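Next up: the structures, one after another.
First chain A sits with chain B, and in the next complex the same chain sits with chain C.
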Partner chain A sequence: MRLIQTNVAMIALAAAIVLVHPASIGPAMAQTATIRIPVLVPLTGPLALEGTSQRNGAVMALSNPPAGVRLEYEVLDTGAAPETAVNALERALARGGVSVIVAPIFGAQMLAMLPIAAERRVPLITISGTAQLTEMGNPYVFRFFPNDSVAKNAHALYVVEALGKKRPAVLFQTTAYGQSGRQHLAANFARLGATVVFEEGLDINLKDFLPALIKAKQASADALVLQLHAAPTALLLRQAASMGLSLPIVAGSAMHQPTTAALLQPAERKGVCAESASSPVSSVDPAVERWVAAYRREFGAEPDDFALTQYDGVRMAIDAAVQGARGPEEMRAALASRSFQGLAMAYKSDGVGNMAHDAIIMCYDDQGRPRIDRRYPRLG
Partner chain B sequence: MATAWRRHVARVAAGLNPLYAAGAVFLVVYAQVFANSYDQRVLAIAGIYALLVIGYQFVFGHAGALSLAQAAFFGLGAYVTALLATRLGWPFLVTFPASLGAAAALAALVALPVLRLESHYFALATLAIGQAALAAAVNWESLTGGSVGLGGVPPPSLFGFAIAPGTRMLVLIWGLVAIGGAVAWLLIRGPRGLAIRAAREAPMAAGAVGIDTGRMRFTLFVLGAAYGGGAGALHAHLLGVVSPEVLRLPVMVSCLAMTIIGGRTRVAGAIIGALLLVHLPEWFRFAERYGPLVYGLALLATIVVAPDGLTGAATRLRQFLWPESPPPPPEILPRAVGLFHAPAEIDLKVIELSKQFGGVAAVREVSFALRGGEIIGLIGPNGSGKTTILNLITGTERPDGGKIVLNGEDIAGWNPHRIARRGIGRAFQTPILVESMTALDNVALATHTAVTAGLSYPGRRLAAARAEAASLLGGLEIESSAMQRWAADLPHGVRRRVEIARALAARPRILVLDEPAAGLDEAERNALRTALRDLAAQGMALIVIEHDFHFLSGLASRLICLDAGQVIAQGTVEAVRRDKLVEAAFFGPTAGADGAP
Partner chain C sequence: MSAIQLTANGLALGASYALVALGFVLIVNATGAVNFAQGDLAVAGGFLTVALAGAMNLPGGVLLPIAMAAMAGFGVVFAYLAYFPLRRQPPATVFISTIALGIVLENGANGLFGAAPRLGPPLLPGGPVELSGLVLPRQSLAIVAVTCVAIAGLHLVLMHTQFGRRLRATAQDAEMARAVGIPVGVMIAWTFALATGLAGAAGMLLSNQFFVAPGDGTNLMLKAYIAVTIGGWGRVWGAVAGALIVAFFETIVAVLLSQSAAEMLLYLAVLGVLGLRPRGLFGETIGRRA
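On to the complex of A and B.
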C-alpha cells in the first residue's frame, strides 16, 4: 500500500514536471510564438485624428491574432514633437523582445526615429506619406500607404487626364504633409504639361481661406487642387461653397476621411473629389465591409484609409510571424521580400520600403455620398 | 592659491542645500547603475532643457522680463548646428560655439528695439520674434528643409571620440549643464547679484546708484539666448533631426513652465524643473490621450503646493529640518571703516534749466551754482518745481532747455546711471528700497563696482560690500539687528536712512535729498542733520529739499526758493526768510515771525 502511494506520488510528480517543463509542451503549443509590436502613434497634438485612426487599425489587427501567434502590444502616444516619439521608441525598445514597431504618421517624428531603428535593427511600419523616409537608404522602414510619388501622381493624373484641366491652382499646408505633396504635384503637373497658375502655402491654424480662393479665381485657374489637413480642408470647402466657387476641386487624402466629410453639409461636399489609398466606407468588397462593420462596433467611429492601411501593415507583420519570422531581423527580411494581399490593396516592397503602390480618386455624389471614381493601380 | 580655492570650495559646500546634494548623488547613481537606454535618453533631454532654462532664468528670473523668444534661440542653435554639421561637415568644436554665437547675435540684434519695451509689449515683441523664426524655418525650404526639417545630424565628436547617444552623450550634456550652471551661479552671486535684483525690483533706485539697468537687461537677454542656442545644438545632435517643432510655442511653454515650477532664479530650480517636466509626460504615457490632462493636473498641483517654485519649497523644508541660526554681524574690513569718503573737486552749474509737462511749465530758466562743502536748501510750495529740478539733475527727467554742467561737462539729459557714476547720488521723496532684501544688502548693492574691485570670489566681494554697508549704516545710527531685517519690515525713519546710506555707498560727490527729514522724529532729525553737516564738512556738496524750515535753518548754507517753476529768491537763510516774495509764496500772509508756514 505504501509502495502504491509512493508510486502514485512519483507519477503525479512526473506528470507535474512534464506539464510545466517547456520541452514537454505539445507540438501545437510549441509553435505559439510571442510577437511584441509596440504601437507608437500621435494621439494628442495636431495629428491626433490621423494617429487615432492609425492606432485603431493597428489595435484591430493585434486584437485578433491567428492561431500559432501570441501578440503583445502597448500603445504609446508620440504627441507632436520628434523627441516625444524618440522617447517612446526608446521606451518600447528598452523592454526588449520587440519584433516590429508601428511608427507614427508624422514625418518629422519618423525622421528622428529612423537612425535609432537602423542602429537597433528594428523594422518600423508606418503610413506616413513623407517621401523622404524611403529615400534615405534605411532598410528598416516600411510604408503601407502610397507615398507622395504615387498619391500625387494619381492626384495630378486625375486633374489633367480625367478632368482635362491644364491650369490648376494649388493650395497646400505649410506642414511636412503639405510641402512634400506640393513638391510632387508641381513635378507631376509639369510632366503632364499643365501649368500651375497659382499656389499658396497656408498655415495649419489659418481660418480665413477667402483671400486664397479669390486669388486662385483671379489667376484664371480651371481647377482647385488641395493638399491640406482635415479641418482646414473642411473649412476651405465650406467657404468655397458659400462664395459660389464653381471650379472643380480635387482635394488631398484628408478629404476621404469620414471625420472630414462629417464636418460638411452634403451640398458643401457635393462634386468634390479626393485622392486616397482606399475608401473603406465606400468599398463594396465583402471582406472590407465586414471589417468596416467590426471597426464601427469596436470604436464607434467611421474608419478611414489610415486605419485600413495600418491594419493591413500590421496584418502583414503578423502573417510573417505565422510564417516563421520571429526576431526583428527576420521580420525585416520578410517585409522586404514578401508580398501580402491586404484589404485595401496588395503590398510589396519596391526595394526601399514603399509597400503601397495603388491610389484611388473618390468623389462625393449629389447627395454627398462617397464613391470611388477612378483607380490608379501600380503607380509606384 | 590652492588653499584659498579649498576654502572657497568648503564655503560653497557648506552653503549647499543637503536636499540638492542628495538629489545630485541619486541622479548620478541612477544614471550609471540603473538607467537603461530609454532612461538615459530622457535624462539627456532633461539636461538639454535644464541648460535652456538656466539661460531663460537670466531673462525671466533675473531681468524680470517675460520673454517668449527663448524657443527661437533654441531653434536657431539647433538649425545652425544641423546646417553646419550636415552640409559643411564641421565638427562639434566649431558648430557648438557657432550655435551659441548665432543665438547671441540674433538676441543682440533684436534687443535694441525690443528691450525698450515694458511688460506685455515686451512679451508680444518677443513672441513675434519666435513666430518670425518659425515662419522662416517652415517656408525657407531650400535652407531648412521646410516642415520636414533636416535629418542626418551626426552625433558630436570630440578629440576623435564619437559621442553617440547613451552614457557618453549623457556625460557631455550634463557636463555642459554643470559648466553652464556654475557660470550662471558665479554671475548672479555677490554684489553683482544684488545689483541685478535691484535693477529688476527697483530700477529707479538701481539707476540712482549707477547701475545701468538697460545694459544689464541687454547682457542678461544675450546671455540667456546663448544658453538657448547651446541647448538647441545639443538637441540637434541628440535627435539627429531638426524640424520646426523646436521653434513652436510648446517648447516655449515648456521652458516657461519649467522655470516657474523649478524656481525663477536658482540654477537648482532650472535643473529640478527640467527633470520633472521632461519626466512627467513619460510617467503618464500609460494614460494615452488623457496623459496631457494628468500632466496638467500634476503641474497645477505643484504650483499650488509650491507657488515660489520647488527650490523655494526645498529652502523652506531645509529651514524646517535644519534651522539656521541668525546670521552673524557683518564683518567689517579695516579699509572700509569710516563713514564717508572725501570727494574730489566739485563745481556744479545749473544754467537756465527748463522743463514742460504738456502745457505746464514745471521749471522755468532756473540757474544756480554749487561747490564742494555747500548745502543748498530748495524750498517752495507744493508744485513749485523742486522735485522736478532734482529729477532733471539726476537724469530721471530730461530737460527741455538749459544746461547742467558738472566740472565742465554738460550732463543734461544723461541717463541716471551715468550721472550717478559721475558722482551725483540721490535719495527719493518716498524711499525706494528693494523690499525683498535686507537693509544691509540694500546698501551693499550700491558698492557693486567700487568696493569690490580686485577681490576675486563673489562670496568675498559680497562680504566686503556688506562690511562697507554696515559701516555706513552704523554711521547713520542704525543698529545691526535692523541691518539684517527685510526692507519691507523697516519703519519709515530707518528706511530713509537706509536710502541715504545706499546713496553714500556709491561714493557720490554731490548728494541730492528729497525731504529727508519727513517722517523722522526729533532725535532722528538731529542725528540726520549732524550727519549731513559732517558730509559737507568733508567737502561733499548737498542739495536738500525740505518743508521743515527749522531743519534747513540749522543746515543749509544757502536757500533757493521756487514758485511756479521759477527762482523767486536765493541767498542766505536769513535773506530768503525776509524776502517779500518768499513770504507771499511760501510762508503766506499769515506766517509768524519765525517763518513757520
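On to the complex of A and C.
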C-alpha cells in the first residue's frame, strides 16, 4: 500500500481563498477500481469548525480503503458563500472521474450545489441538517445526519415530554440551518401542545445575546431552546450563566461538539442538554471507542458526531464501491437502495435521500461531563 | 437592573469596536489609505494572547502590554508588506493589499490554531462583580477601563508630545512634514505600530469576552468601518462615538425591538447620517475615502 500525501494547504491559502488539502491515493493495485471522492467542505468562515469535523471524518474513511478499491480524494474549501461552494464543485467535476462527492454541511451552499449535481448526475453525500435539501425531489442528495424533521422532533419531544415544559422560548440563527430548525421546532411544539412564548432570529456574527435572553425571561418562558451554530451557542450559554438565568436549556447539535464545550467552564455547561445524532465521546460501544482513539491520534482533537456521521457516510459509499458500484449513477443507485450499519447508527434512504433516522439527547452533568440522556430511534 | 446590565455589556462591546476603529482612523489619517485588515489584526492579537497564555503562566494584566508590544512590532512588518511598497500607487492598491494580507492572516490563524473558536485569558481573574444586586461581568468593566486608558493615552501622545505633533504633521501634509525634516516614513511606521498595538489590545479583550475565531476579522472590520463613517472619516473621537452608537443598536435597540430590526435600523441610520451629514457626525479630517 502506498500513501502519497501532498499538503499544499497553507501555501494555497496564502495565495488564494480556495484551499486544497491533502490529496491521497490509496493502494495502487493494478486490477483495483479507482473511486474518486472529492471532499468539499467549509474550512474557513463561520462554519469552519463543523466543516473541519466533516473533513476529518471523511479523511479518516478515505485514508483506510478496503482491498479491492483505490481511493483518490482531494479536499476543497467551500468557504462561507454559496458561490465558493459552486466553484469548488465545478473544479472537482472538471477533473473528471468523480463517483460521489462529500458535500458541505452548510445548507445554503448545498442548496446552490443541488441543481448542478442533478444536471451532472453526481451524488452528493452530506451531513447538512437543512430539511429542504431532501424536499426538492433531487435524487442525487444523500444526508447522513438526522434532518430537522428527525432532530427537531427529538428536540421538542425532550423539552415537552422529558422536561415537562410547555412554554419554550426559541432562539435560532438567521442562516438556512437556523430557519429550517426553527420551522420544524415550531411545528413539533404545536403538535405536542406547547406554546412558543418567544422566538428570535440571531445573526451568526452577533456577540451580545443579553437582549434576547432578557426578552425570553420577560416572556415567562419555562425553557430555552437553541438552534444556533457552535460559537454563538457557547457565547449565549456563557452570557446566560453570567446573568444567572435559571431556565433549562436544550441546545441544537452544536452543543454536543467537544470544541464547543471546551469554550465553557463546567459550571457554565452544567445541566445544559443538546440534541444530536450521536455522541462519540460518550459512547461505550467498543467499535466507537476504537474510532475515537484513532481520531484523537490522527487529528489531536476530540471527535464530534459530524465527524462520525460523515465517516459513516463515506464508508457506505466505499462499501458500495467494494460491492461493485463504479460510476456516479451506480453509486447513486447503491446509496438509494442499500442499508448500511455505521458506527453511529444504521443508515437507509427513506426514498428522498434521508439516510439517518435516529437522534439522541445528551446532557452535561454536575461536573460538566457529557452523557447520553435519551435515545430517540427511528423518528424519521 | 437589566437596563444597567445591558448598558455595561453595550459599553464593553462599543469599547472593543472603538479600539479597532481607533487603529483604523490612525492609519487613515497618516496614509489616506484604508486598512481593511484591521479586524484581522485584532483577531491575530487575540490568537497571540491565546498562545502566550498557553505558553506562559502570566496574569492578563501582564499579558496585555506584551501582546500590544508584539503586535506593534508586527504592525511595522505589516506596513512594510502592505503599505510601503505600494505607497505611490493609487489608494485602491493599498486597500486591496490590506484585504489580501487580512485573508492571509485569517487563513494563517486557521492553519495554526484550527477553525474552532478559542477562549483568551481574562484581563482580571475572578467571576462577575455584584453591586447592589447587579451582576456585572468583570471582563466587561475591564474592557471599558482599558479602552478609556488607551484613548486617554493616545490623546495625550498625539496632542501633548513632540512625537504626537510629528505624527499629526505627517497625517495632515506629508510633503510639508518632509520639507521641515520630519522622517515621514518612520512616522508612518510608528502609526502602523500604534494602530496594530491597539488592535492587539482589542483582540485580547475580545478573546476572553466573546471568544476569538479565525473568521471574526471581517465582522470587526465592518463594525469599525461603520463607526468611522458615522463619527466622521479620520476623527478619533468620532470613531469612539460611532463605535458606541453601533453597540447601542446591538444592545439597547435589540432589546426594544429585535436583533434583526436593530441591525436594519443601524444600517438605515448609517444611510441617514450619510444623507444628512455626509462627512459624519463630527466631520472629516481628510477628504479621501476608499
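Assume the second predicted complex is superposed on the first by the 349 of 380 C-alpha atoms of A that agree within 3 Å, B and C clash if a C-alpha of one lies under 4 Å from a C-alpha of the other, contacts with A are read in each partner's own complex, and residues count from 1 in each chain.
FYI, contacts are C-beta pairs under 8 Å (C-beta built on N, C-alpha and C of every residue); 3 or more make two chains touch, one makes a residue touch a chain.
Given the structure is predicted, the values throughout are model-derived calculations rather than measurements.
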- Query: Are chain B and chain C a fit on chain A, or do they clash, once the structures share the same frame?
  - Reply: clash
- Message: Looking at A:Gln132 after the superposition, I want to know if it touches chain B, chain C, both of them or none. Which is it: first, second, both, neither?
- Response: first
- Task: Please indicate which partner A:Thr259 is in contact with in the superposed arrangement: first for chain B, second for chain C, both, or neither.
- Result: second
- Query: Taking the superposition as given, does A:Thr174 touch the first partner, chain B, the second, chain C, both, or neither?
  - Reply: both
- Message: After the superposition on A, what does A:Ala301 contact: first (chain B), second (chain C), both or neither?
- Response: second
- After superposition on the shared chain, which partner residues are touched by A:Pro211: those of chain B (first), chain C (second), both, or neither? second
- Task: Kindly classify A:Ala80 by the partners it touches after superposition: chain B alone (first), chain C alone (second), both, or neither?
- Result: both
- Pick one for A:Ala48: touches chain B only (first), chain C only (second), both, or neither. both
- Task: Pick one for A:Gly201: touches chain B only (first), chain C only (second), both, or neither.
- Result: both
- Message: According to the stated criteria, A:Ala67 is in contact with first (chain B), second (chain C), both, or neither; which is it?
- Response: neither
- Note on the structure: So the chain A residues that chain B and chain C both touch are 43-44, 48, 52, 80, 174, 201
- Message: Per the contact definition, I'd like the list of chain A residues that touch chain B in the complex.
- Response: 43-44, 48, 52, 75-77, 79-84, 86-88, 90-91, 93-94, 107-108, 111-112, 114-115, 130, 132, 136, 174-180, 201
- Provide the residue numbers of chain C that touch chain A in the complex, in ascending order. 2, 5-6, 9-10, 13, 103-104, 106-108, 110-111, 114-119, 128, 135, 137, 210-211, 213-216, 219, 247, 250-252, 254-255, 258-260, 262-263
- Message: Which residues of chain A touch chain C once you look at their complex with the stated criterion?
- Response: 9-10, 13-14, 17, 19, 43-46, 48-49, 51-52, 80, 174, 200-203, 205-208, 210-212, 214-215, 230-231, 234-235, 242-244, 259, 262-263, 301
- Note on the structure: In their shared complex, chain A is touched by residues of chain B numbered 36-39, 41-42, 45, 138-139, 141, 146-149, 151-152, 235, 239-241, 243-245, 248, 250-251, 281-282, 285, 288-289, 291-292
